[in-house]
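Before anything else, here is the set of structures, which you'll find just below.
Next come two complexes built around subunit A: one with subunit B, the other with subunit C.
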Partner chain A sequence: MAVKTRRYSARDVTVLVAGLGVAIVVNVGLVWGPTLASVGLSATDWTGIGPIGWIGGRNYHDLATTYPPFWSAVRNNVLWLGFLGLVATPFGLFCAVLLDRRLRMSRLYQSALYMPVVLSLAVVGFIAQLVLSSDYGVLNAVTGLHVDWLGDRAVNIWVVMVAAGWRHVGYVMIIYLAGLKAVDPALKEAAAIDGANERQAFFRVVFPTLRPVNVIVFVITVIEALRAFDIVYAINKGRNGLELLSVLVTENIVGEASRIGFGSAIAVILLVISLGFIVTYLAQLFREEER
Partner chain B sequence: MSAVPARRRLRPARALLHVFLALVALGWLLPLALAVYASLRPYDETARLGYFSLPEHLTLGYYGEAWTQADLPRYYLNTLIIVVPAMVVTLLLASFTAFAIARLRVPGRRTLLIVFTAGNLLPPQVLITPLYTLYTLIPLPAWLSDSQSLYDSYLGLILIHVAFQFGFCVFVLANFMRTIPEEINEAALVDGAGVWKRYWRLTLPLCRPVLAALATLEFTWMYNDFLWALVLMSSGDKLPVTSALNNLRGQFFTDYNLLAAGSVLVALPTLIVFQLLHKQFVAGLTLGATKG
Partner chain C sequence: MDHRPPLSRHTSVPSSVPPSVPSSHTISRRSLFLGAAAFGVPAVLAGCGSGEPAQKAGGGSAAAGLGTVTLGSNASDEVPKKSLEAQLKAFTQATVKVNTVDHNTFQENINRYLRGTPDDVFTWFAGYRMQFFAEQGLALDLSDVWRDIGGDFTQAFKDQSTGVDGKQYFIPSTYYPWAVFYRKSVWREKGYEPPATLDEFTALAKKMKADGLIPIAFADKDGWPAMGTFDILNMRTNGYDFHVQLMQGKQSWTDPKVRQVFDTWRGLMEYHQPAALGRTWQEAAQSLAQKKTGMYLLGMFVAQQFPEADRDDLDFFTFPEVNPAYGTDSIDAPIDGYMVSAKARNVDGAKALVKQLAQASSQNIATKLDPGTLASNGKADTSGYSALQKRGAELVSKATHIAQFLDRDTRPDFASTVMIPSLQSFVGKPDEIDPLLASIEKQKATIFR
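Right after this comes the complex of A and B.
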């Protein structure tokens, strides 16, 4: 070690300290610092101006008991996760498996599927309105129904999830496709020689080798579900059936009522849930690296 | 069993596969096609016949109107002012950090990498409340910001993009740099190359493909950002184009055809980048994903 440290000249050390210093300051100052500050602020009744009063866990208590949007938001976030995880992600995997067979026009199909990935969710939200609006939307025009797809609390979260899934499928598909390309073809051949049919070969041989990709897709799915915001905000600002935790945080600071402490409490709940997944993911990632 | 009948039996399956994939692809493109279609038809026509009807007239007029009435050039410029510096700074800062973490024996490098990577995975809302407050408290000279604070300034948006996207880029670049053979580094060391030279002249050029992939991806992400601008800006005329679209909705909410034209125009740059840099885009998405 001593030999190695001597390799750095004074200038080297300056360059390193400056470069890493800026990186750390930016990251801590704008990402982790504010994250920790959220935790502190969540125990206060601060409104953004005036003194900061310590109120302990009252925000959390109020959230759970006297703030109706909270439980709708929790429910919607769970639904969102369930829909992406159980419908959109498997469908993306299914498409990737189909596209992995060196088909003609494969690139065309792929492009169509992940075109929505490059679109802003604000644009997706607008397109959703063109399709789903109750009086001029295409869906009602074609089916002859008169459903208020975006305004009716009973259905709107479902159709918005479909719109979000529209984007998610392409994302997942492309990641799985890359994972599948990396699978050793000899494995599949060996399975075929052993008399496995395609389904067996996939579930018993190919799928298990995709484990690292599965972990990544799982994390992306969870994170996307927790981050979901733009599309509901673009549609109706996340009200009337489209509540999400992320929207409630934003509402409490940019809305008319600036309730910094209260908004922070919701953010902390979001933080605790996401940190659980982030830590699991990173632990797995860095454990594998050590090997 | 000979190979010939087996292949023949596969053919209908292949055809079915194509039909299925074509239907899915079509279904995927349909909403987009609809937006384009709506943008080409006069409003009174769709008001009379609905969006799903045969056209009597088609016009490009809405594009011109969206361009001028909605002041789109200004918003594109705003996006450019924010995204280009943010992208460049993110890649520079991230590549140097990744270099230090992956190629030098910096103490605590593992912890650093974990902290940076985790930061990128946080939902933005987790930090947005204190960030908002912090932004209103940090003073800036008037020539940098009309509000004289970081809040409602281009610089503020650039900074948060850099800070938030930085972790992902460090992660990807550090993984890539680890695959560069150690011998190159050793040779440079023997020649007496300093840290900066080994980073700038030696490592960075080797990272060109990864940097291109990351640049494409970061452009798309930063361009599409909606939340940061919504929370950290207040003047409508400084908004980037994606967030501005949302404001325009209030202004033109009766004329959906005009809005459709606006949406298509807003979506266009990322679609073009995606088509032109298809390879880099996909490489970027999978770079961060398949290495695990």
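Right after this comes the complex of A and C.
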């Protein structure tokens, strides 16, 4: 590449600058800038106005040692990811497989399962409160229980995850359903002729062909887990057992507190966790292309 | 209604600048803002210049002896907005231009607002919230106004309008007290009497329990109502001065005196409505209205949850004495009012305006149009008050000290990121007091640096 093979005309340069330049400016201004600013601010005690004091890693130290909501939030974020990935997503796949078998009234089931996807998670949060409130909720009224579903920190995260999963299942189902429709029926016939039973045919033949869909679903699941926010915020502002990292960032920066430095430190931790998944995903993607 | 009434939750001042930031490690504000603008740092600039186009209210061109006064108002809700407009109609010494800003936005941006180009007069809150800005030189000394109006206000109101330097910076308008509310009909039927001491209070609660009532309605899903219980228990047990110092970060949370407060609270917990962390104050108030609970410690806005016909059945008593040394000398009664910014261009007009707003005549209009509030001026006409408003005024006139509620008496970052989760944790597990207090004290150290 040492030899320059071609000179760019002034026009080419203009086009290049206009095309690439805008993209770079937008990318730097909206993505890299804020990211690096957050990393920088996380080492300060800035309160939103006035001078900035550099305090190094003190915010991180305080987070880990003196700020109780932090570890609850980390735990809840992990739980959220685990629940969506290990329970809700497989259940969505299960529903898709069942519906793909052309059950009677499958359209009806399909619509019923997909319905919650059109709701925002905040709305799901309000519905969850109508069902789960200890005083006037449907669940306690019907079962005669006296469980404080939303206020008891031992149970509230689980019922909220189920509510969030309600929506996630429909989402995943519709994607898998599309993937399953695209699987060549000849494959299944061939497997049947070879004497494979239903289960073998699914796991050995159909599922491997769904690989591209799996990658999409995996990414969606991770994103959904990390950006979970609205449902817990709608229920109790993400406090008392429903802490999530995204909520703590909001609470410290956007809310009444104005602890910009401290909130940035939480945001950076969320970023590092996200990066873990993004890098894994991209690495796999690139490896595939090289092959 | 999913939120506390507008008057009762004004809690969003950005926290203070740390007093001692080494200058060698600082970045100028200018470059900071440029950086923030370029990178779109969230919320930093949000709402800068959020003032709506000025609207004319009151005055009129004929008046205007003192020119034009601008008034930054957070009275964005319908009732308070009308109330303010009506009060301004009576002001003839100058033309008033009102800039109304959504009240949450107003509070979240107050810091930037006051350092930018603020209006001459602005709506604000008494207590630590006021002192915080006065201390930074952002508010104008109103001591001379107070020399004229002082006779109309009790010492408690004056204290809440006074900065740490002993000068007055705030003009009280309206307020609402916190007390223990109950239904007269239920109490008459069962023969209950308002308790005067903690022992009587406990005995009453026990009796209610035996009668099949839940004694004390309680809710803390929103995080702030439990602050009211903490405030009153601390003031009754340790007195107003200790409470205020604790709020200002000058006392230790691991002090046995604080421990005593939580011990007392824990003793009362069995009489509180269970599952409080999953309930809003509105739902708890409903349980009182439906006669399922016997009493409820809350601000006077509890009346909103009662149908019009039942409001006369609502009464209250002040939280009973815990420590005879302090009796019942203090209550929570958040005061709303006005301040003049240090950068005011029309100082004479601004002072004339706040003087007018402090008058009984102005406050009569406010309490008439907004029945959830009381007039702070002692000479205000209370004949138009509802029975509850009258009793509320009486309660406050008897109090030697008026606190402003925890989230107005301390730093906003401490109240929202430390106290709300901590009090919720106590309500969930009332037995784990010592580790909780140790944690609060540790967190306090990271905020009050």
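Just so we're on the same page, the second predicted complex is superposed on the first by the 250 of 291 C-alpha atoms of A that agree within 3 Å, B and C clash if a C-alpha of one lies under 4 Å from a C-alpha of the other, contacts with A are read in each partner's own complex, and residues count from 1 in each chain.
Throughout what follows, contacts are C-beta pairs under 8 Å (C-beta built on N, C-alpha and C of every residue); 3 or more make two chains touch, one makes a residue touch a chain.
As the structure is a computational prediction, the values presented were derived from the model and not from experiment.
In the overlay built on the shared chain, the residue A:Trp149 is in contact with subunit C alone; subunit B does not reach it. Residue contacts after overlaying the shared chain place A:Gly92 against neither subunit B nor subunit C.
In the superposition on chain A, A:Ile127 makes contact with subunit B only, not with subunit C. Annotation for subunit A, partner touching more residues between subunit B and subunit C: B. When the two complexes are overlaid on their common chain A, residue A:Leu282 makes contact with subunit B while staying clear of subunit C.
By the touch criterion defined above, A:Leu41 reaches both subunit B and subunit C. In the superposed pair of complexes, A:Ala141 makes contact with subunit B only, with no contact to subunit C. Applying the stated contact rule after C-alpha superposition, one finds that A:Gly165 touches neither subunit B nor subunit C. Legend: residue contacts after superposition of the two complexes on their common chain; A:Pro68 is shown touching subunit C, with no touch to subunit B.
Of the two partner chains placed by the overlay, neither subunit B nor subunit C lies in contact with A:Gly238.
Subunit A uses residues 29-30, 33-34, 37-38, 41, 48, 136, 252-254, 260 to touch subunit B in one structure and subunit C in the other. Those residues of subunit A that touch subunit C in the complex are listed here as 29-30, 33-34, 36-38, 41, 45, 47-54, 62, 65-69, 132-136, 146, 148-153, 156, 236-237, 239-240, 251-260.
Partner subunit B is touched in their complex by these residues of subunit A: 1, 4-5, 7-9, 11-12, 15-16, 19-20, 22-24, 26-27, 29-35, 37-38, 41, 48, 95, 98-99, 101, 103, 105, 108-109, 111-113, 115-123, 126-131, 136-138, 141-142, 166, 169-171, 174-175, 178-179, 182, 212-213, 215-217, 219-220, 223, 226-227, 229-230, 233-234, 245-246, 249-250, 252-254, 260, 263-264, 266-268, 270-271, 274, 278-279, 281-282, 284-286, 288.
Every residue of subunit C that touches subunit A in the complex is listed here, in rising order: 11-18, 21-23, 25-29, 32, 35-36, 38-44, 107-108, 111-112, 115, 221-223, 274-279, 283, 287, 407, 412-413, 415-417, 420-421, 424-425, 428, 439, 442-443, 445-447, 449.
Against subunit A, the residues of subunit B that register as touching in their complex are 14, 17-18, 20-22, 24-26, 28-29, 31-32, 34-35, 38, 46-47, 50-53, 93-94, 96-97, 100, 104-106, 110, 112, 114-119, 121-134, 159-160, 162-164, 166-167, 170, 189, 194-196, 220, 223-224, 226-227, 230-231, 242-243, 245-246, 249, 256, 259-260, 263, 266-267, 270-271, 273-274, 278, 281-282, 285-286, 289-290, 292.
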